[in-house]
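Common to both upcoming complexes is chain A, partnered first by chain B, then by chain C.
Take a look at the complex of A and B:
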């Protein structure tokens, strides 16, 4: 990587890299080592780590390869945020550092640690296998190589952005639900699943979708958008997650999972009253037994505080609900027409 | 007196009535009037978008069109309603075909979505329109003895392509409001993290873990209370607090306030007037 000479004239800064260290074979617990080095404007975090490794401490371990934001190897947390070290400018990070002159470098979250800044990507690869993150061609084997398998540009545009994913695992590291449960599918795998499922050449759509709607799958996403916000390729990951949910509803209906039943309740209530009927939402999502087992103690507290949502008959409809309902139903007809023409 | 159309969030009309009650008390003190939009409907709560993208555009195009008819910006005090309605606005503004389809239906009610009204959070109006100096000048009971953990929640920050007011990595508007009211904000890593609300009924254990992490940091940091601009975050952090902390093995608790209540307290209104006694954690 060449650094433009104009940037050299703006001088150097001494920067301290506070690097997470842990070698499970030797260390009883993790610690941080400080390395202070002179850094010019235009230098990336990865180049700084390379300098530290070559000139100060050869034992600092991290994974890197292309140095150009293409291979996705050098994902790590820089001042708390998961990103690629090779595309992260030291001076940009310094400008926002809470501790002046100090950059904290840590491994990605939500994946097992191997050593220092290196995490084990195997759990992610295992999930990609579990959710069939590949296209299994619908073309008979005998025809393969003999004719082209064309797709339209319109279809390609549906998953164009998703193909930009380089599996750096920044989104995995930032995911709220994965932090709470390591079995969760993860945003990267949902993105890949979407990309494969909307490909008309793929034969695994139903099988993949059946796995995605199970526990720890697509319905467990809590819509925090941290994955999308941290994506180093600016991929709208939530659009892919919404895309899988839309697909699940269209292909499997709205009665097979608590997630889809929960979503259906919004549609029904809006059409009926223009307002959400919150009192019955837990029952409609999970049934009476679950609701009694899980929410009864809290419901008692809420009753004491007069905090319970009103029962359905007492939920006032929005003003002008009659005309609204007509519009809503007219739109339902539009959507039916859209589905018909989509199938044809 | 600057006037705004005020969107009535479903949760503020049922479980968190204290939010709107508090705003009604102090809005005139701060020189604003929020005109309630009784014709508005549920935004779809970040679910309708994938159940039916077109109904989603219709419902929220209509919500905005109602404010446009009044010639006012639409003000929202729930993060998810904010993100949802702004998402619909972005889609409508970017797609002339969708806008036409929606407007053909909105004619039935004499409405038209034009794209002229902005959709903004109450917090943004307070910081940008009312102004921190005005707020500071109106404070009667400064919150000077309190260490406050600012919990922004997700949908006032992310996706930044839709929200765009605060830097989602380092938001400041809530911190500024707290400081204008005389309070002291604490460094709080969970300030831009998730409360877990949206999966409380679908992935309860995970959601409780998410809520517990945010509560634990505030408790460990010896904050006196958490404050949030979102009634959904409030429900997760207050309503589900004992369950979340029990789940995490933490024997402690921390009060959680809405921004509307925190402002009310600083402007001299009583906890009773503000409806603070309705909280689960006192």
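Take a look at the complex of A and C:
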């Protein structure tokens, strides 16, 4: 569906929004509709969608509420990248568009599709429940309201950034492991779990951690950094993931779960090659069959898109034991620095 | 279907606190929380500044009594003083309680909850978490509700109460995911659906869904609305979108400047300057603009909010959300340039008339939060008192409903009534011949309100506003719904929201027209002074045979006598 081409005026561009459509009541499979509208500088993707809904096709369905990047309703994929429609400038996207003048708008991935750009958030809420994403206060209910916990600025800063999360699910949509395993804990839930666990008011630390180190938990993360790169609030999610792993190794030791297998896998990698070989990790942790069933199809797809770490033979041995030692220490003690070197 | 003991409509701060407290009061009760958005998306998340409580962490000499006085004075003496007593005395306890269950408050050097100055308050008593206070409170409450196993009906849109005579049988709502209209027979219903300031649309800081649904439902059920004419304009909305730049920015030391670079607040509030109460600061900005001292732009006239002298560090650490919004929606980095601002419709003081226990006139129906009117804000709400209001009265609503649920036996909601609602809401899908478009009517409503029922009001303008709204209501009968599907029909939801706004706009304009005085946020050019002899009272707007009918209710006084309100 296209409206008659609008004449170009100063400061306006005709932009075609290629919108993912699917109405489960009538459509057997999804398709795309094109809507071409004039867009001036400073207009967001959400405002464009609103315009399309109000002036061209009232049936285009998407969520939006605050329109200010606060509520997390409007997460969607714009030209392939999960983000908030209400804070994404059309002209910025256009500048990077592979197909000139066209912006593709699709629903978030890794959550069940409901209609058009709307996905079901319930699985995420269920995971928040499963991993006890709340503070279970050490203070008895009867005592509450009488006095404050005294909390240092330093402690506050430990979870300050994590509490920025607006549950928009952009990171969930970008997570590489979730594509293969829908039961995987999810980056946002890891982030929230971490936020709770570093809160001195919380009493559930051990219990939460015990759940996090099980299958589908923190050790399944492949360190691909996709979640962090796509976080709409620029939250260092990997700090949280590393934080939980560090915590697990420290307080639970190395041998008790598949997680420790994972940790060992890390170390053997480092030992052998002097370098982290992420592509082989899932096999060692989960066994060959699980990997073949769950990860290989995805890995192939990802390699095609050049998203995955190179397969093992391409990883050359690092020179010298010194580097190895450094990396080893980073992995087990100062995991956060690992994050920095990744980012560089 | 077995009736629910409590159905809570709304998953914002008020609704969630009510749910938590109701479960605490009686864990055996069958409680449902309905929300048209996932609770964590509710507009409470937008509150940046903070919540007031006389904790005396920052100013050791702060007291509950001072908080009470500031609130009453701020309300221009229209608040009920017994209700304000409850609000302010409960404040320290409820803020600590929130702290105890995990709210990440910012901290002072002595590790206590941080507090900062806020408009209209004599002491720095606004508790905050950088500039995401509402967001973190809402997160915490949602987390705690998940922990307690509260039964959520997410993305359910409340349509109407089912009423037999003067009794409620419960609620009728649409499940957005399936499109089905469902019955929620209930002994008690708590409305906590938030404010109605979005009726001003582009000149409003509110979320798209702050359309006053709960108020409109109650209004149609014959429950009176109180003080609807009082709509607070926040002084500093972003010029293009109406989105809010929080008072926190001025609390941290920001300046308001006109095009001559003058800190014009010196003219209007020489002592408090930028930290004067909202209504006064908004009128000052509007006056600067009307008198030609504003900047011009295609998006309208505006003024400057200057933070540049605060420095990058402070802006980054204390006001990161403001900076982000200013860059996203105005293309301005407040570290380098002043932010373009103008007043924006922000908060609805009016709402469903309740007593101090949040009861309405209808048995078993309660209201709390921005959708209710106790009244603690009177003619003007102080910044930081609304989050407090939703917490304190959300909790009272939960407790009261839990205690009283046993008293009521609801009737049944018939299949025929459900089918009738289904047909009615979907009638616009089959419009033939001439039809109206949602976007146009909504735009016209926002415009007539901003123009005729805005910051400065006057009889002939208000008459025009009333006539416009009546005409829009008539045209709304022909609103076309273009999406004819059942599953997640957002087009249908928009149309229903618009109809709710139109119902309420009528009460706002009628109240504003009737009230022949200037008080708090309500400024009549033709009646420029407060008239205590004739107007020291609440207005009540009730729907009788489809028409708005005005009544009144006395203001409860207490320790504080009427005084002139100066700052």
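Please note the rule applied: the second predicted complex is superposed on the first by the 251 of 344 C-alpha atoms of A that agree within 3 Å, B and C clash if a C-alpha of one lies under 4 Å from a C-alpha of the other, contacts with A are read in each partner's own complex, and residues count from 1 in each chain.
Basically, a contact is a pair of C-beta atoms (placed from the backbone, for glycine too) under 8 Å apart; a residue touches a chain by one contact, two chains touch by 3 or more.
Predicted model, so just to flag it, every value in this text is computed and none were measured.
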item	value
Partner chain(s) touched by A:199 [first = chain B, second = chain C, both, neither]	second
Chain B versus chain C as contact partner of A:62, first or second or both or neither	second
Touching partner for A:147 - first (chain B), second (chain C), both, neither	second
Partner chain in contact with A:229 - chain B first, chain C second, else both or neither	first
Touching partner for A:102 - first (chain B), second (chain C), both, neither	neither
Partner chain(s) touched by A:94 [first = chain B, second = chain C, both, neither]	neither
Touched partner set for A:177, first chain B, second chain C, both or neither	first
Those residues of chain A which chain B touches in one complex and chain C touches in the other	none
Contact set on chain A toward chain B in their complex	80-81, 96, 98, 176-177, 179-181, 184, 219-226, 228-229, 236, 238, 242-243, 245-246, 249, 254, 258-259, 262-264, 266-267, 269-270, 274-276, 278-279, 281-282, 285-286, 294, 297-298, 301-302, 305-310, 315-316, 318-321, 323-324, 326-328, 330-332, 334-335, 338
Complex interface listing, chain A residues touching chain C	23-26, 42, 44, 53-55, 57-59, 61-73, 87, 89, 114-115, 118, 120-122, 125, 128-129, 132-137, 139, 141, 143-153, 156, 159-160, 163-164, 166-167, 196, 199, 201-202
Of all residues in chain C, those that touch chain A in their complex	24, 37-38, 40-43, 45-46, 55, 93-94, 96-97, 99-102, 104-107, 109-113, 129-130, 132, 135-136, 139-140, 143-144, 146-147, 154, 177, 207-209, 240-241, 243, 321, 324-325, 328-329, 331, 437-439, 480-491
Chain B residues within the chain A interface of the complex	10-11, 13-15, 38-42, 44-55, 58-59, 62, 101, 105-106, 108-109, 154-155, 158-160, 168-170, 187, 189, 193-194, 196-199, 201-207, 209-210, 213, 239-240, 242-243, 277-280
